[in-house]
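Just below sit the structures, each encoded as structure tokens.
Presented sequentially are two complexes of chain A, the first with chain B as partner and the second with chain C.
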Partner chain A sequence: MNKESFWNKAATRSVLASLIAIVIGMMAGSIIILIVGLTNPALGIKGAWEGIRLVFAGLFSTGRSASGSLTFGFNGTTFGNMLFRAMPLMMTGLSVALGNKAGLFNIGAPGQYLAGTAASLYVALSVPTSVLPAWLIWVLAFLCGMLAGALWGSIPGVLKAYLNINEVLACIMTNWIAANAVTWIFEGSNLRNVLEGTKTGYIYKTSTVMHDVVIDGVNSTVGAAVPEGAQVLARRGGVATGKMGLDALFAGSQVNGGIIVAILLVVVIYVILSKTTLGYELKACGANRYAARYAGIQDKRNIVLTMALAGALSGAGAALYYLSGNTEFFWTTYQSLPSEGFNGIPVALLAINHPLGVIFSSVFMSMLSICGQKLTELTAYNEYITDVIISVIVYLSAFMLVIKLWIGKLNNRKAVK
Partner chain B sequence: MDHENDYVIEMLHITKEFPGIKANDDVTIQLRRGEIHALLGENGAGKSTLMSVLFGLYQPEQGEIRKDGKVVKINNPNDATALHIGMVHQHFKLIDVFTVLDNIILGAEDTKMGFVQRKQARAKVEDLSKRYGLAVDLDAKVEDITVGMQQRVEILKMLYRDNEILIFDEPTAVLTPQEIVELMQIMKGLAREGKSILFISHKLNEILEVSDRVSVLRKGRYIGTVNTAETDAASLSRMMVGHDVQLVVDKKPATPGQVVLEVQDLHIPSHLYKHDAVKGVSFQVRSGEIVCIAGIDGNGQSELVFGLTGLEKVSHGKIMLNGVDITHSSVKKHSLAGESHIPEDRHKHGLVLDFTLEENMVLQAYQEPRFQKMGFIRFREIRKYAQRLIKEYDVRSGQGPLTIARSMSGGNQQKAIVGREIDRDLPLLISVQPTRGLDVGAIENIHGQIVAQRDAGKAVLLVSLELDEVMNLSDRILVMYEGEIVGELDPKQTTVEELGLYMAGAKRQGKKEAATA
Partner chain C sequence: MPFLIRQTLVYAVPLMLVALAGVYAERSGIINLALEGIMIFGAFMGVLFVRLVQEWGWFQAAFDAKDYASLQGFCFLAMLFASLAGAVFSLLLAFAAINLKADQTIGGTALNLMAPALVLFFIRIIANQNTLNMFSGDSASWFMLKKSMFGYGRKEEMGFLGSTFVDKVYVATYICILLFVIMSVILYKTRFGMRLRSCGENPQASASLGINVISMRYAGTVISGALAGMGGFVYVLTTANCSANGDVAGFGFLALAVMIFGNWKPLNIALSALLFGLFKCIAASYSSLDINGDGIYFLKELGINTNLYRMLPYVITLVVLAFTSKNSRAPKAEGIPYDPGKR
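And then the complex of A and B:
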């Protein structure tokens, strides 16, 4: 293959278009940092330069030296945390990308994510470890999270397929139904962390060990330590994703085997979409529903199936995130939807709906959030600068086609010369 | 300046390239004032591209356009309109729920303080209508008038905008024989009044009848311009195709065998479910014969085919294929029972335009064991299969099996579909307007394929709006009018005129007679 054809390939152009969008977004962020720095005497040009460096290389920040200047180097903890945060984004991004491939706009990822959260937390925290081993409970909780997401996703799917109701409307509605339902489910539960006074808003981490006990004829739940004379009815909790050796690579970080499960799911979806007859059917339905129907493909079944699969992926993202054992879930969600759900949309956009691209775009997104965190920690800037960058990139994603055409023209001009 | 060289529009040495294909290669067309100039060419010959260049939709890589001898730059359709160039598209651009008058003035309304001056507009349109003999009912809604009248509305739209150069893009495709005669008269009248007309068509007899000169394109190249009076159909088609063509389908008498498709008292609701689009249709198709459903567009033929293929639900009646009841089966079961289908709308049903050619070649067959193993697609087999079909059915494209279907010309898209359906080798071939919008070369090819299928013992159900096709290809003709079969005719014993009368609903056989004929 010669070089020219490489640059002219559609895939190359798509990747280039995404990279250009990213670079422009980062530059827009830098300009804002510069403006803010120059108008704020406490920051000045020196502060602005620090900010810009952190936006581009926050991932490699190791804090400040004794003399007060920024230091950079490989930081396993930050790296691991980036992968950890990329994990749920990867799943919701994949969920949105799968929908787009099949011609459906899955804006219901937040709701599916919440359904997955509720189901996996409930199973992980309420099935006694005295009945089943912890690893089996983890598997069960993970599968239940996927199943709940799938069920939640298939509601707009069924409405779309059989009643021709626009999936965007149905998704937005089911998002808020999920938010309220989840709040209601946990409100009555004994899974809320009431022991630590101020933390009543949170559900226990799944790694928390609890005992249902009877003390002096009164039923109660205690933590890991069982008071003397208490009769233990059941032992619950203590479920967490295995580290799978990743803690050795990225010491001190939150990363665990979940990222491997996530990447495996990405590969599975990639194979389904590009190598199987099912993928052929889904793409045909997405590209031309009438031609698919003419070919004898059951378009209605495929719409429901796509939405269920997309929902399962969002649910899997939630399950992986909360089953990690070191995350807490703020259970009153009736006023807000999880940002992991909506951020799946830019992740998919940036990946041009390619499953493997989702791996990179989700890692990139979480890197930006790490950079934002470093900005807050080390300078007077706050992390919302990175939100500006993300929004510029999303905005540019809409112009991807224009950028691609532009690259094509540039190539042609070179070829003429 | 003598009349011979009084050119109103000249397109000189136009070259327009697309990836992998030169759509126009040094094409020169010169349109004289007051002439009817026909533009003839195969599909993919570059006629549409040339017109898009004239309309400013594409910018040519080389060449120039002159109006009245002066070089002009046409960057967009607005520039074309400003130069008084107007076009009647093959598919009309009318708003169904607006009146005829409103459609004519839309976009060019005279207003006073923001109010449309309908009275003046009406006077102008009535004047034009009288002068050019374009009878229309100005207060009727477009949805209520005939296709022929809709076309007259399109022509009036151009005249209302004082266009001098009128482009007709395959204007006769949707008309009945009587309406075609009327249109020819109108075009001649327009030319007499000094309008210059570019007439795009592949119908040689129409070109011979109405045009003054003919320019021929072949595979993007300009072949030549001839005076119509000095040429004939055979030499024109030779110029267009590059070799001699058989204008009449060469076929042996049919030898019908056993009944393959049997339809009894079929009722199919229309899309709006207000009434039945197909009302109690019964017929049979035997192996080794071509049965043609003739009729003017919109008389229930489309719905009938949707019903026969399972795309639309049947409300009453029975469909038997080789003795198996498939009335309420799914599309896939219809297909498995032995039905292949060349659909009416190749873009909507026939192809997934964003898929590659090879992916489109296995649109139904992807599930067969030869193309998949445990649900995994066998890409190599698909590639081989697609390459064979491309070769056998002469499907031309820029990048072979990997060409995106959208980027192919209409004729080659159709050849791909015809190849795919015929190659499935099933007992019944339902073929709806298989040659719509194709040139004589491709028509000859496809007609030959269909006759070969018949001779191989397949039952062929042909639905066509083209009278030539109906007369040439079929062994039996069933005429549909308003959802019913109003006559069964033998193509050897009937005339185009008689067929036209049945199609227009002016004549019908008694129910008993139709059933026994």
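And then the complex of A and C:
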């Protein structure tokens, strides 16, 4: 009796549906790998089998042995990198999940992510460290990133609440406005990396130390080493997230304290959603906006607030990613939107919009991207197969409801027997 | 001036075709957010077709024999192939949205994620790089109309009309315009078109009159996919030298903006596509644009940033959405899964 009620619970069914989506997605990826392997004589069945193993267990891949076969084992660096890549996904996923809880499909996460990127990079790289200590600049940049994301997110929010414009269309438009605006902002800025010749098109890492100097009456920017006889006007950069001991745990990886900040934010949103009046009101608006209004809830305010919060989270993801000091931003974004933003959608869908579920689904997504990277490194396949898997999962999520009903029917049939 | 008009048409024509694709889907009641993805897929399949046919050597033979009609024929076949691919790809959306009553926004997003992923996966395997080019030559020398084909010499001028609408123009552009007109007429003047539109407004009422809503919605989505696939191929043919790289630079979303700005009506869509195409053209080449041929680069001297021109279509659409939200002509039943029992 108890066991049956466990299988019939809505939550169990939702988790099952997500797991089924994951399994089908990975099978679809494996089938494509197999077909390509069989039609390509250079790969053959052996190459296909290697590819499939890497898709499922790429996280534990340690390369190839001397005899050329794949080797597997625990690798701290890979694990750390997985956590690092999960960080922005966790935030954008949480952003989309929060929107979904309030009945708003936040497809604007890429634009909010870009707004957060621009604001946090601008603050981190242009406030002189001679004025404020580096850690304070970090905090300031992080908050500005969140604020920019919130502002960007509140545009579709306001349009939805007061003019009843479909938030999906408004979000798509604001995404592309952001893509162009960010290019515009950085095009004329002095934050473009000119110190390293091979890095054209990139913004400085926030950890880069720069000096604004006057040499023989000419203003210029130099790196950490100041030439003799130059008058230093300001010292900029050198801002990076602290490692918080995680580098000892995952030696040689990119992971840093940002992942802890991200998890803290997830917990904060979880508490807001499940333990506060505000969260209750947001969910009520999501269930039925007009019924919520009838119950005395200010639906318009709540819609704007939800989108602002969602935007702030996407912005926070961008800030955490780029303030880590070892990532570079490619600033001519006007032709494409950041994939971290769009990948927030599968993260939220897999987590069934549950904040704590987002932690697991974002780690799963970044694990897939690690698998893709290993696939490119070790075989003739490439990392895009993991994007195919993700898209299949999103496709299945679109009719999650049907899958859940199907699981329910299956259970009922069992119960009758 | 001829350059400006020609170049505007290059951007505007795929834009209006893809926007019409959006209209077909939405008028039948299905929100097609996947326009971008279908364009990417169609572009890839079209380029792949050209590449494969080229490998067989017919192309080179026709080119050497100066048989331009055959070359245009190949180009037209590639367009058909791309539209077929787009139609097949859009079946994924149709199946999820119509049979499984899925969330159409998420379904469309899934296709938008799937197309570049699939396309890049195969491009990397076929070409060992991120761009799939033609097997040989370039699209301009093979598919473009040139004044030399009409007996004009290198130094001779074709006159205003000739240099605007004939010289350095792709026939594909005119095929698309023709198709746009035909498809618009079908949507408005035929029994099929009117039935299709009724399914986007009130499907239950349509069903009560004996119209099969399911097949109408399938037709709308598949036609939408075919048009978007062809639009995607024409876009890369005319602007990216017939190469596919899993990206159409947000053109599908721009088409969505055109559709909204054009209020879901073909004539308005054609005009707004021209406007947005003009912006796109100015953004791409404003510093070298000499509008009236007097040697003064007017737009450059105006000093407006390129990014503003790129951004304007989206800003305008957002403003238009804001002002017309009260009396929007968006189909009433779009995005709502068809439920025969609902009234």
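We take it that the second predicted complex is superposed on the first by the 415 of 417 C-alpha atoms of A that agree within 3 Å, B and C clash if a C-alpha of one lies under 4 Å from a C-alpha of the other, contacts with A are read in each partner's own complex, and residues count from 1 in each chain.
Just so it is clear, a contact is a pair of C-beta atoms (placed from the backbone, for glycine too) under 8 Å apart; a residue touches a chain by one contact, two chains touch by 3 or more.
From a predicted model like this one, the values you see are computed outputs, not experimental measurements.
Once the two complexes are laid over each other on the shared chain, residue contacts for A:Phe399 go to chain C alone; chain B is not touched. Looking at the shared chain after the overlay, A:Thr174 reaches chain C, while chain B stays out of its contact range. Of the two partner chains, chain C is the only one touched by A:Ile345; chain B is not.
The partner that reaches more residues of chain A, of the two candidates chain B and chain C, is C.
Shared-chain residue A:Tyr334: touches chain C; no touch with chain B. In the superposition on chain A, A:Ala102 contacts neither chain B nor chain C.
Of the two partner chains placed by superposition, A:Val261 touches none, neither chain B nor chain C.
Once chain A of one complex is fitted onto chain A of the other, the partner contacts of A:Val388 are limited to chain C, with no touch recorded for chain B.
Once chain A of one complex is fitted onto chain A of the other, the partner contacts of A:Ala295 are limited to chain B, with no touch recorded for chain C. Of the residues of chain A, not a single one touches chain B in one of the two structures and chain C in the other. Residues of chain C touching chain A in their complex: 33, 92, 96, 100-107, 109-114, 116-118, 120-121, 124-125, 247, 249-250, 253-254, 256-257, 260, 305, 307-308, 310-311, 314-315, 317-318, 321-322, 325-326. Residues 309, 311, 330-332, 334-335, 341, 343, 348-355, 359, 363-364, 366-367, 372, 375-377 of chain B are the ones touching chain A in the complex.
Contact residues of chain A toward chain B in the complex are 275-278, 280, 283-284, 287-288, 290-298.
Residues of chain A that touch chain C in their complex: 32, 36, 40, 105, 107, 159, 163-165, 168-170, 172-177, 179-181, 183-184, 187, 334-337, 342, 345-346, 349, 380-382, 384-385, 387-388, 390-392, 394-395, 397-399, 401-402.
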